[in-house]
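In the two complexes below, chain A is the common chain; its partner is chain B in one and chain C in the other.
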Partner chain A sequence: MTNLDPDKIKVILATDCGSTTTKAILIQYVDGEYRQTHRGEAPTTVEKPFADVTMGVVNSVTEIAELAGRRLVGDDGRIISPATETDGCDIYISTSSAGGGLQMMVAGVIAEMTAASAKRAALGAGSIVMDVIAANDGRRPHDQIQRIRDLRPDMILISGGTDGGTTGKVVQISELVAPAKPQPRFGSDYSMPIIYAGNKDAREPVSEVFSEGGFDLQIVDNLRPVLERENLGPARDKIHDIFLEHVMAQAPGYDKLMGWTGAPIMPTPGAVGDILQTVARLQEINVVGVDIGGATTDVFSVFDETFNRTVSANLGMSYSISNVCAEATMPNVLRWVPFDMNERELRNHVKNKMIRPTTIPQTREALMFEQAVAREALRLAYKQHKEFATTLKGVQQQRTVGDTFSQQTSGQTIVDNMKLDLLVASGGVLSHAPRMHQTAMMLIDAFEPEGVTMLAKDSIFMMPHLGVLSSVHAKAAEQVFDRDCLVYLGTSVCAAGTPKPGKTCFKYELTGDRTASGEIIGGQMLLIPMAEGESGTISLAPARGIDLGEGPGKKVQKTVRGGTVGLILDGRGRTLTLPEDRSSCQSTVQGWLDALDVYAETTESMAV
Partner chain B sequence: MTRVLCSLLILLGVAPCIAVGQVVDLAPPTDVAASDVPDDTGGQIAVKWGLSPQDRPAADGSNPVLSYVIYRKLVQTGRGLESGAETDAGAGEIIFTSDFDYEANRPVGSVPYSVTEFLDENVEGGVTYVYAVAAAGPGDSFSPLAVAAIPVTAKMQYINQGKLWFLIIMMVISIVIVYFVFYAKRGGKIKVRPIAGLEAVTEAVGRSTEMGKPVLFVPGILDINDIQTVAGITVLSNVARTAAQYDAELKVPTARSLVMTTARETVQAAYLGEGRPDAYNEDNIYYLTDEQFGYTAGVQGAMVREKPAACFYMGAFYAESLILAETANSIGAIQIAGTAMPSQLPFFVAACDYTLIGEEFFAASAYLSNDPEQLGSLKGQDVGKIIAAFLLILGCLLATLSTVLPAVAPLRMADLYIMNNVLGEDGLIPDEERVTMLNNEINELWEAQKAEPAIDEGAN
Partner chain C sequence: MAKAYTPGLLVTRHKKHRIMRRLPIAGDVQVKVNQQVTADDIVAETNLPGDVHPINLANTMSLPPADVVTCMLKAEGESIALDEPLAESKGLFGMFKTVVNSRYEGTVETVSPVTGQVIIRGAPLPVQVKAYMSGEVVNVTEGEGCEIEADVAYVQGIFGVGGEIQGNIKIACVSHDQDLDSDLIREDMKGCVVIGGARMTASSIRRAMEVGAAAIISGGIDDHDLKELLGYDLGVAITGRENLGITVIVTEGFGDISMAERTFEMLREFEGRLASVNGATQIRAGVMRPEIIVPLEAGPPPAASGKFEEGQLEVGRTLRVIRDPWFGMIGTVSGLPTEPHVLGSGSKARVLEVTFPSGEKAVVPRANVELIEE
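Let's turn to the complex of A and B:
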């Protein structure tokens, strides 16, 4: 790894080695700011017959070199670094999710406490959590051992007990793992890495348990030293280290790739989380990011500087599409479709998509159906995220007599849509929607943002690259994120509460680059064109009981930013409810789609 | 036969009797009548009469009548003389004779002058009595006896007409409870709002497990016959189940030996139910002392020594509540309290993490068990409370409106009906006397309003 002065970094080359495609981008310092200038991609070559990930990397970088007219790959097949006037780059960085990414199993004493913290640490580091073993998970020890034996994780994270707390239970958990002898995914000569991040008093007995059996025990600080505080950093860092040293070292070509990079290779989701945290910290905003894939949906959130990530393993748009339809139920999916559809045909469509994941919708109806499924997949994934992203459990509460009738349990979700400032979308169905309006509508319907929220999408899935970059050059990462990574769709202004149909929901007055004023009726949506780069100030006067950010009925004034879609005013209320009756539901949804010009080829001028 | 005797008595009793042995210089009371008190268990007879013509102040301010004395006789029936407790008052005599001896016969009661009724509460159900009243003056002067025209028999009524509304409301609530019990049994969903204190049980026990500290459960200081202690033991069962699942150590110091025995049985059953009988330790449920502050000191000592990570206070508490809660707060324990002692609730709310207040505490059993019968009962009781609240609001509204608009007859009638029939004891049918009075009052108001001269707004 190179230690470069950030001010001297002018040319940055970044790759993301995905399961199927290796994507490369070139970032250059142009006119006093960092910009993403070129991109290239090539098939990933981690599998046989190539079995060398660097081949795909070189191919994608070569494409950039041709486009940029800059020589990036040397005669020896290596990436040229440092940069000269016409050749090479100052730093090369990479992420990887090839071969299924990082897969972990975590264990803790109580599922809602130390085990939940361990899961947060693992997910935050970018891994997929295969299972959580806990003393109260309802399984008998022999079932737990069998489960551990069946799994083939890349590593295991064990936590449990506060410092000075229980020792016996932690040892018991360790004694479940040790005799199960879980086998790693890669390499037969590979010692299963165990990270112990529990009670410091239990380190010795835990070491004793893992002294035999071919385990590679690594001890880090307790991730829950007291129940009132989480300390996930050491465990996350250790996960990254082991990911590089053990997991990546086993994958074909990664040992070579690691020698090229100027910063540690990161798991792709971990890097996405890092860039969102960096942006949230630098801009002092709350961010939610979503990446909907074929098999899984990742949701990231940063609220009040607290980062959370969840992976909904069975919610996706191809391999998992059947599961989405089963979990959400077909009537819930169809409520977003404004016309009658033959259910048998739909089921065939769903199964076809599952077995042929790369197909794309050929008709407008198929597109509408697929986007309806995406709404439900996103809604369910966000629901799971809200349930996971909570305050810590097991914490002592401070009360006053005023709390007599308003006592709340700990473990409440920290995800607050009213406080959300930026919602970022990525993943095929969102990024590659024919019209940006469709992406915006899917986001609003699924996430139900409240108040004033910016909507954006990751233009070319650049967030992983920028995540690694943020660890070496946060300023460059933020600049590229803001200027090139995100395509701003616009701003949504959504009323929370239950507006009365036909009655005023809120009044608005827009000033700045565009001027408009009027009122939004309960159940109505309105699109005000506002191009990218335009901004203005919107004054909002909600009706009684309607909240737009300052409390029910209170006036709000906010700065809004335009985008490819514009300014969206939503008077449908929250929680979003659709009519039960099918025909009434269809006409309502059609009204919303028309209002936002979602599926029209040409946008009619709107009277504002 | 009884009727014949009764008729004979009537004939004899119509005219006032002339008694002997006493000075008789007063006019007797008039229109004496006795009647069975309705809606009772047959132990009361009401006697009423008209005032003696002399019952009014004389010129010097004195009243010749000082009191009225009430006598009664048993009426012989076809089965012979009814036995009674009042042998002194005239056993063997069946009628008031003309030579009635005021001194030899003990009265059943007396009332001051100007009073025209007497309630005889010492009668036997099913026995027929005849009553007589004499006015009594200064010295041993009496008026002749005025005998009631009709003998009366005290009878028991099976339904208290005055409580009919109470019966109707109770029937409605019972039907609602039964309905919801069956509804829940059939699989209907009954939603119980989340009770934070009960939701937090797993969290508190989990904290103890993570910290490797025991869970302390205090079941109050009263005995097992107190309903709060019983409710506390119900919660203990749930805490014990969770402790068994999490393999946490549970300690229960008690202030009563019977509570200790019950708690041991409960905890043992819970551990057995969770398949952890080996983890049950009888010695962890122990008796300290019956003395309030001795017990408090003992529990405090356990807290300071063992530093439990979770403390539960479920039962009846007095002055020790704040002492215990503050001590546990100082050692950093999660505390969950539940009591129906209103005076202790503020202390628990301020010092504990979660507090079950009154009804929440008693609903804990249904909430935790999810048993359809208990949930149905809980829902039915809620409906009862809604009915009570509705009647309260309606009553307040009608009372206010009838005060503001006193001449509106339907409002006054509705107010009268709710006050005297639904909440009072007039039964289903309004009392005619009250209705007449109300109508008269309303008519007077109308008359008064008509009589008022119209206001000439133009005049100055």
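Let's turn to the complex of A and C:
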């Protein structure tokens, strides 16, 4: 970790080494604030024939150097630091997901309790969780052992038992892992790292179990010392340490790169989680972030300072598009498409996209279909996230007579769309949509925000860089996040409840940079132009049974911010339901798309 | 001027092809450098550690875990047969003893005094790696595997299911654009690699399985038929471990699509020859496509035309459009505008102009074409 005084850091260079591309950004202190000034990109060089990640880093940084007119790479091929007036940077930082990122297996005694906490720790550290083994996961022991044998994780996290609780069960889990002799993904001559973060009373017998067989056992504090509290920090820190010492060390060139950076290299998703937590803490808001890729969708949330991350494996827009259609079902995908499509042809199109994942939609119809798939992928990923981001399960609750009619159990989701302040989108289908209106509409349809929510997208996938920056300079990270990273789409005002079609859903009055007033009818959507930098105050008077943030029927007054799309008023109600009849569904969806001007007419002639 | 590259599937009449045959864990390599091997020869073998079977004796015998060790009739490291006594309780005054017989055959690996769990390791599982392709061993890595090289004709498919298999090539369709239906599959195709033309139907695959064909290859397949064949809807394209009794490969894609004429004519030329076929497909980082390999007599490869650089987009090159609205059509590059173009979708992308055999021209994103390597 750097010992630099944050006030003396004026030039920051950051890279994110992805599987295919290394993206570099330059952040400079300009006119009293930190701004992202230049960016560069180059292919990642972790694979043969290059087999040295620093080559891609130097190439991307060289691009920035040329754009910025600033010498960043010295004659020795290293990044120049510290900065002078014309050369170098004060600090260089990096994240990495090259080589498939960090892949882990986790184990615990009870699937819903210690194993769930272990999964949260692993996901929060930025890992892909390949499987969760638990004493009650429904699989027979020899099936569990077979599964462990088949996996080739980078490391294994074992939890189980509260401190002073069960030792037998957690040792039993260890006894399944040890004879399975899981092989690490990289390097046949390196010992499989096992992190034990369970009942402290079981440390000795667990150590005994892993004393032979080529394991590297590391013991940290219990991640669930009591049922009522998680303590994920020590396990998470150890995951990062092992990621650097073992996993990164196996990747070509990373030993060199680690010598260049002023802060530990972080797994990319872990860094994204960090910046969202930093922003949520500094701005005192609740945030949801999503990154939809070709194979997977990551969802991050911070509600009341509690962070959660999920990775929905096989919900993606190219490699996994077929799986999205299978899980969501084709009728659910097609409900977002306002015209008829031949289902047999569509199924073949989906498979063709799966086997040729780099193709792009050429026609508007193809684009609308892909964006319909994206809505379902996002909806399913968010559903999984809500099911995972819960209050701790297994916690005993004291009830009184007054609780008779509100029988809340432990394990309720903490994701509350009415409390959501900021929804951030990233990933190709959202970031590169031809119109930002499409991005906004996909977000609203899939996430169903309630009340007043700001919508934004990550301009150039800068969140990983800012995440690692937040560990050394939180203020710089937050300033760049707000000014350069996010492109604000606008604000959505969405009614919760079941509005009556044709009747008033809510009345609104907007004052400030723009003025407007009127009423939204049940089922209606309306777009009020409100440019980036504009803001105002909206007063809302919902109909009976309709909630806009203060409870059913209660008036609301909130500050709203404009953006590239504007102010979106949504009177469709929550949960969002679409007509079952195909033709009325099509006309309803077409009405919504028209109201938000989602797909502007194009006149391109493709034949020449 | 910057060069534009785009991937293409390899279809060639002659190339030096090298394959790596590797054991999953260390073992014995059975061949030497310069040795000639045939596809069925075993080139390396090893033993995987046997399956692990846990038995919780503390529960079974209703004993405290710490007492299990004293009741064991077999010590760690001793072998045990199926139904052989594994442990015996002390009983009461030497009577009313409970005997637990082993439900598994193997070796007692561990006895845990903490959980009362006994781990029995089954017999080692032999693993043999075959040559898969006839050729010459050119490199041996002791304990790991070897590399085999041969002169071959090579066809890369776009998608397949099922693993490695060999068989003689048998042509079923008369042309590259004829659908492969069940009436074209004959009894004499047993053990053969059956070549169709355009889309293969579900009934043709069923019929090929009935007659015992080794593999079935054609231009396209319907998603619906694939689902019927597999019994599930394939979510991600990671295949090769299906146990269907047949390997299925499509060379072009899903739907009504003909096999590229050049591919079909080349395979027809090699009818009767032995081919090594693998349907394994992995469309992730480190992409793997299915393949058809026809070993040839060794000799110098025909001189390359030298007309085009591999993978480079140039005017005059043949390509296939791989996305609607011209999916599957083959044409030649007639223009490479440098400026990005606004597509019908509203997106901006780099494009090329393609001329189809009919003379019709179209503007297509460069991401939506695949070169046909010649």
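Keep this in mind: the second predicted complex is superposed on the first by the 599 of 608 C-alpha atoms of A that agree within 3 Å, B and C clash if a C-alpha of one lies under 4 Å from a C-alpha of the other, contacts with A are read in each partner's own complex, and residues count from 1 in each chain.
Please note the rule applied: a contact is a pair of C-beta atoms (placed from the backbone, for glycine too) under 8 Å apart; a residue touches a chain by one contact, two chains touch by 3 or more.
Values in this document were obtained by computation on a predicted structure and should not be read as measured data.
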Chain B versus chain C as contact partner of A:Thr358, first or second or both or neither: second
Which of chain B and chain C A:Gly428 touches, first, second, both or neither: neither
Touched partner set for A:Thr114, first chain B, second chain C, both or neither: first
Touching partner for A:Thr167 - first (chain B), second (chain C), both, neither: both
Partner chain in contact with A:Leu176 - chain B first, chain C second, else both or neither: second
Chain B versus chain C as contact partner of A:Ala135, first or second or both or neither: first
Partner chain in contact with A:Ile145 - chain B first, chain C second, else both or neither: second
Larger contact residue set on chain A - chain B or chain C: C
First, second, both or neither for A:Leu227, with chain B first and chain C second: first
Intersection of chain A interface sets (partners chain B, chain C): 167-168
Residue ranges of chain C in contact with chain A within the complex: 25, 49, 51-54, 56, 65, 109-110, 112, 114-115, 117, 119, 121, 158-159, 222-224, 226, 233-237, 253-255, 281, 283-285, 322-325, 327, 341-349, 353, 360-365, 367-368, 370
Touching residues on chain A, where the partner in the complex is chain C: 19-20, 100, 141-142, 145-146, 167-168, 171-172, 175-176, 179-181, 183, 205, 208-209, 295, 314, 319-320, 322-323, 326-327, 344-345, 347-364, 366-367, 432, 434-435, 599-600, 602, 604, 606-608
Interface residues, chain B side, partner chain A - complex: 194, 196-197, 199-200, 202-204, 206-207, 209-213, 245-247, 332-334, 345-346, 349-355, 357
For the chain A and chain B complex, residues of the former touching the latter: 109-110, 112-114, 135-136, 160-162, 164-169, 224, 227, 393-394, 396-397, 399-401, 403-405, 407-411
